[in-house]
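I'd like to ask some things about the structure below.
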Amino acid sequence: MNSFGRNLRISIFGESHGEKIGLILDGIPAGISLSSDDFLKDLARRSGGKSGTTPRIEKDIPEIVSGVYKGFTTGAPIGILFSNDNTRSSDYLNFADIPRPGHADFVSLIKSGGYVDLRGGGHHSGRITLTLVAAGVVAKKILGKILVKADLINVGGVEDTEDWELLLQKTREEGDSLGGIIECTVTNMPVGLGEPFFDSLESLLSHIIFAIPGVRGIEFGDGFAAASMRGSEHNDPIVDSRGKTSKNGAGGINGGISNGNDLLFRVAVKPTSSISKSQQTLNFVTGNIEELKIEGRHDTCFALRVPVVVEAATAIVLADLILSSTL
Amino acid sequence: MNSFGRNLRISIFGESHGEKIGLILDGIPAGISLSSDDFLKDLARRSGGKSGTTPRIEKDIPEIVSGVYKGFTTGAPIGILFSNDNTRSSDYLNFADIPRPGHADFVSLIKSGGYVDLRGGGHHSGRITLTLVAAGVVAKKILGKILVKADLINVGGVEDTEDWELLLQKTREEGDSLGGIIECTVTNMPVGLGEPFFDSLESLLSHIIFAIPGVRGIEFGDGFAAASMRGSEHNDPIVDSRGKTSKNGAGGINGGISNGNDLLFRVAVKPTSSISKSQQTLNFVTGNIEELKIEGRHDTCFALRVPVVVEAATAIVLADLILSSTL
Amino acid sequence: MNSFGRNLRISIFGESHGEKIGLILDGIPAGISLSSDDFLKDLARRSGGKSGTTPRIEKDIPEIVSGVYKGFTTGAPIGILFSNDNTRSSDYLNFADIPRPGHADFVSLIKSGGYVDLRGGGHHSGRITLTLVAAGVVAKKILGKILVKADLINVGGVEDTEDWELLLQKTREEGDSLGGIIECTVTNMPVGLGEPFFDSLESLLSHIIFAIPGVRGIEFGDGFAAASMRGSEHNDPIVDSRGKTSKNGAGGINGGISNGNDLLFRVAVKPTSSISKSQQTLNFVTGNIEELKIEGRHDTCFALRVPVVVEAATAIVLADLILSSTL
Amino acid sequence: MNSFGRNLRISIFGESHGEKIGLILDGIPAGISLSSDDFLKDLARRSGGKSGTTPRIEKDIPEIVSGVYKGFTTGAPIGILFSNDNTRSSDYLNFADIPRPGHADFVSLIKSGGYVDLRGGGHHSGRITLTLVAAGVVAKKILGKILVKADLINVGGVEDTEDWELLLQKTREEGDSLGGIIECTVTNMPVGLGEPFFDSLESLLSHIIFAIPGVRGIEFGDGFAAASMRGSEHNDPIVDSRGKTSKNGAGGINGGISNGNDLLFRVAVKPTSSISKSQQTLNFVTGNIEELKIEGRHDTCFALRVPVVVEAATAIVLADLILSSTL
C-alpha cells in the first residue's frame, strides 16, 4: 500500500506523466506555521537541471489544498498537490515491447496484467519522491532542535568531491551512468526513540529508505565493516551520564532505540538505469535479443538528487516516533 | 509495537528470563498441517551449544495452544508458547549500574524510567528471535515451491569456512567476539511480489531483518558495490520471455517488485556485545570510568545462529505478500 | 487518522470551504474500467438542491488525477479531487465565539488550540462524505453480483413516504430540522466475509458508518428489538444446504461472518444541527447565555442525502473483505 | 485479524476448549503497578455461576508471563494466559452435521473448508471475551480519573430489575433464553478524544463493541430516538465555558470528538442462541429439517455477563486515545 506511519502517516499517489502527484500528511498537530515557500529549498535540492542530473527541470510548486488555515496547520490532514507540466511522453514509447533493463517495466506489465502507465516510469518514477520531500519539510518542523543532514559522499566509487565533475562529464559522454553513497547524520538526538523488534529505529528507517527507487543497501554505524570487527573494537564505551559514547559504531542506536549519540547511516544508490549506451536485451515482440539505446533526458547520476529525499524520509520517521512517544 | 504484517501478522512477547516467550500468528489459512515436530529442525538451528555459540543450551519445545485442531490449522490465530527454563539470572546483576557497551541496558533504563527487566537482556534478548523462527516454520508452509535459504558466508572478515573453527577458538580464548555476514537466496520466486514505495519488497524485508538484534546492514543484489558501478555494468539484461536476466545485480527486485529471478540479499551482523575481555565504561553509581568484564555464558559469534532467523523473517514477508496477492 | 481499510484503503482530506477535497483509494486491482462519468449518478444522489436539502447545489465533478490510464485502473493508488466552488464563508462567521449546539465548533477549537478552520464546518463538514461516495463508486465495481441498496425508511418519526413532503415543508417553515432512519440491504452475499472479533463484519461496517457525521446508532437484523426477544424467536433456522434461513434476525451475519443471507442493518441519523429557530447557548466572549439563530443554507433533513453514503461505506468494507479473502 | 488499536494494541488467541486463551497487550507504558489480583474482580463479574448464567463456573486466574517485573509494567508487551480446565467437549458433538441456529457453526465450517474446532464454539466462543476483560483491567489504569461504568438496564424487554429473577427462572424452565440492553456511562471525560471520520470516538467504540459476540446494536446519546426528534429538541445547548451542556442527546460526542460531558451509549445483546427448547433446522447429513434440542450448560441470558466486557472494551479505546493524544 502507498501509505506509511503510525501517528504521522503519509499517503501518496501519482505518476510521472499523470495529471497530478500528491500526498496526504495526516497526524500533524495543529498550530504549525506552513506555507508553500517552506518547501522551495528542499524541492530545489531534489529537482534536476544541475550537472549530472536530468535537463528536465521541474519547477515544482506545492499546492497546499487542505489542513492549513491562515498560515497554520489545523490538525486536519494536509493535502499537497504537484502538477506535471514538463513531460515528453514520446520519449517513453515501446517500453512495453522492450522492457528496459534495471527498470520496473517488465514487473509492472506482469503485475498489472498489462494495464500499466509506463510513461516516464509511471507510478514507479523517481519523480514521486517529491511527495517524500514535501512530507519531510513538514516533518522537520516537528523535530525541534534535532537536525537531519544527508550528503553524497561517494560518486561512482570516487570519494573526492573535486573529481566528480570530470567523472560525471566523461560518463555522460559515454552514454553511461553512475551510482553513489549517501551518508545521513542526525544530531541532537534524544534518548529513547524506537523500540526493540518491529519498530526498531533501523526497521522504520530502512523501510522508508528502501521506498526510494534505486536504493540497494543501508548500513548503520560501522555497518558491514562491523562483521569483520571484534566486539572489543565495535562496542561503544559510555563516557558520561547522558550516555555519550567514545565512538559511534552502533550509529546511535542500541536495541532499536536511539541512545542520544548522533544517528548515523549510509545508503547505497545504484547507477541510473536509463542509459543511452547500447544494451542487449529481449524484444518481447520479436522474441530476439536486440540492442537498446534509451534516448531522452536522464540523470547521469540520480544519486545527486537523493540526499534531500533521505533527509525527508528520516525526518518522517523521527517525527512519527516523537508524536508516538509517551516520554 | 511488537507486531508486524498486513495479512499475515506476527505479534510477540517475552523476556529472556521471564516466565514464557510467545507469539500469535494471525492470518494463516485453515487446513495446513502443523505439529510441534515441524518446529524442531529450525529451532535446533537457532539454539546454542555448538562451537562459537553460548553453552546455554535451549531445548525449546513449542507449545501450540490455539489455532490448530486435529493436526491442522483452523484459520484462527495460532498461539505458540516457549518456557524459559535454563536461566541463571545472577549472571546479569548490576547492569543497571554499569550499562554494558553495545547493549540496550542504558536506553532501556531511560526509556522505561527504570522499570525494566534487564535479566538476560530482558525483552531485548536475542532469545526472543525464537518467536520469529517459529513463525517462519509456519510461513514456509505457505510458500509452495518457493525456497528460502540463508547461510553464513563470512565470520570476522574470513570467508573460508575451514578457517572459522580456529578463529572462533582463538577469539574465545581472548575473551573477545566476532561478527559475520549472512547471505539469503530465495529460489523459484514468482514475478509480482511487492509494490513500489512503502511496500517494496526491500522495505518489508529490511524492516523485519532489522528487527533481529545485532543487524548492522542489509544490501540487495550488487548492494553497496552498485554505487561504484556504471549503469551498463549494473543493469540486468532480460534474456527470456519469463523475465530471466543474464545476471542479478538487482537481487531479483525491480521497482520494489520481485522479477522472477532469485531474490538475493546479504545481512551484516555485529560481533557479540557481551565479552569477558575488559572494557572501560561508565559506572553510573560511582560516576567513574571503570573496567568491565562480562562473565557468564555467551556466544563468541552469535551470527552463527542467525541464518535460520533470516530465513524465517524472509518467509514471513513472502507469505504475507502471497496472502495479499490478488494475482 | 483519516484512513481506513486493510487491503482496500481510503485516505481523505479537505475542508468544506478549503481549496480542494480529495481522496486516495489504494489497493484497487488493475484492469477495472473507470471514468468521471461513473461517479455522476451517486454524486448526484448525495448533492443538495432537492426538497428538504440545502439550496447549496454542489456540482461535484471528480477529477481523477492518478491510477487510471486509458480508461482502466492500473493498480497504482487512485487520486480523486473535488473543487469547492459554491462557498459563502460569510455565512459561518463568529462560530468560534458562539459554538453552535450539536456542531463540532467547541471541540475543534479546544482540540486544535484555536488553529481551526470553522468555515462550513471545516474538516468536520458533511461535505467531506463525497470522498466516501466517490470511493464507493469504485468499490462497487469490485463487488461482482453483490448488490448494496440503502433507503431512507423514516423521516422525523414518520414511515409513510407520502407524508414526508408536508412534514419537511412545515419543519422548514418553523426553522427546525428532522432526522431519519436508513435501512441498508445487501443481496447476493457470499458466505464467509468477516471474521470473529475485531474484524467482524459488524465491527468494520459500524466503524465506517459512524465515520459519517450525524449518525447516532446502528443495528443489525432484529437490532435493539432482539434484546426483548426469546432465543426461540430470534434464532434463524437454516432451511437449505447453502445456509438459507427462514427469517433474518441476525441480519445475515453469524459470529462476525456473512452467512449468505441478505446483509441487513439500519442507521439512525440525527436532525440537522444548524437550525434558524432560536436556540439558547453560551456566548464564549460575553460569557452570557444568548439566543442563536443560524442563518445560511442548510438541509432541513440531511438524512435525505445519506443513503448513498451508507451504500458507499458498505461497499468499501465489502470490497476490502473480498480483496482480503483467501477463499 | 485478531488485533485492535493504534498505540495500545490488543492481540488475542484461543478457543473455548483449546489449551489456553491469551492476549498480548502492547503499548502499555512502563511503571504501572500490575498483579494477578488486579484482575479478579472484573473477571468474576464476567464468569458464570450466577442466576441466569451458565453453571460452568470458570475460575479464571490470569497468568502474566511477560511485560511485568517486580510488580510493575516495563513497557514491553504484556502476555497474559488463561487455562481452559472446566470443559465438557462431549456436549458439543455433531454441530458440524446440524449447525445450530444463531451460532457460527455453519459459517465457520464453510470459511475454514471444514478445518474448524467447533467445541464450545471454538474461537467464536463468548469465553474469548475474557481477553477483553483482562485488557480492560490494564487499560483502566491508564484512564486516571475517567470512570467507565456499564450496567444491564433491560432483560428480555423488562426494565424493572426486581422482575428479572422471576423472568429468568420462567424462561429457563421453558428451555428458552433472553436478551438485554447494556448502558455505558463514562464520567470525568476530557474534551478532545477522538477525531472526525475514521477515528471518531463512535467508530472506535462501535468497532470493538461489535467484536463482542452477540451484540446486535449500539446507539449514542439519544440514539435511534434522535431520528424522530427535531433539531431544536436534539441539540445540546452549551451552558458553561468548559463545554458543559444542559442535556446530553449527543452522548458526549460532537464530530467524533469527546466534548467533556459524560460519554453515554447503549448496547443491544441478543438472547442466548443455545436453547434446550426444540428448534426446527436443517440436518446437513440427512438433508432433512429436524428438531434440535441443545443440551449442556448454557446462559439463560448471557447479557448478564456482558457489562464488564463493555466496560473493558470502552476502557481499551479510551486508553489508546489518551496514549495517542498530543494534547
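Just a few scattered comments:
Per-chain numbering from 1; labels A, B, C and D assigned in written order.
Definition applied: contacts are C-beta pairs under 8 Å (C-beta built on N, C-alpha and C of every residue); 3 or more make two chains touch, one makes a residue touch a chain.
If you're wondering where the values come from, they're calculated on a predicted model, not measured in any experiment.
When the interfaces C-D and B-D are ranked by how many C-beta pairs touch across them, C-D comes first.
Across the assembly, the mean Cα position most removed from that of chain A is the one of D. Averaging C-alpha coordinates per chain places the centre of chain B 37 Å away from that of chain D. Inter-chain centre distance (chain B to chain C, centres taken as mean C-alpha positions): 45 Å.
The distance from the centre of chain C to the centre of chain D, each centre being the mean of the chain's C-alpha atoms, comes to 26 Å. Of all residues in chain B, those that touch two or more other chains are 1-3, 6-7, 12, 76, 111, 123, 196. The touching residues of chain C, counted against chain B in their complex, run 6-7, 29, 76, 196, 323-324, 326. Touching chain A in their complex are the following residues of chain B: 1-4, 6, 12, 99, 101-104, 106-108, 110-111, 123-124, 128, 154, 156-157, 171, 176-181, 191-192, 195-200, 202-204, 206-211, 213, 215-224, 226-241, 243, 245, 249-251, 254-259, 268-275, 277, 279-282, 284, 287, 289, 303, 327. Residues 1-3, 7, 9, 11-15, 18-22, 24, 26-27, 30-31, 63-67, 69, 72-79, 81, 111-117, 122-123 of chain A are the ones touching chain C in the complex.
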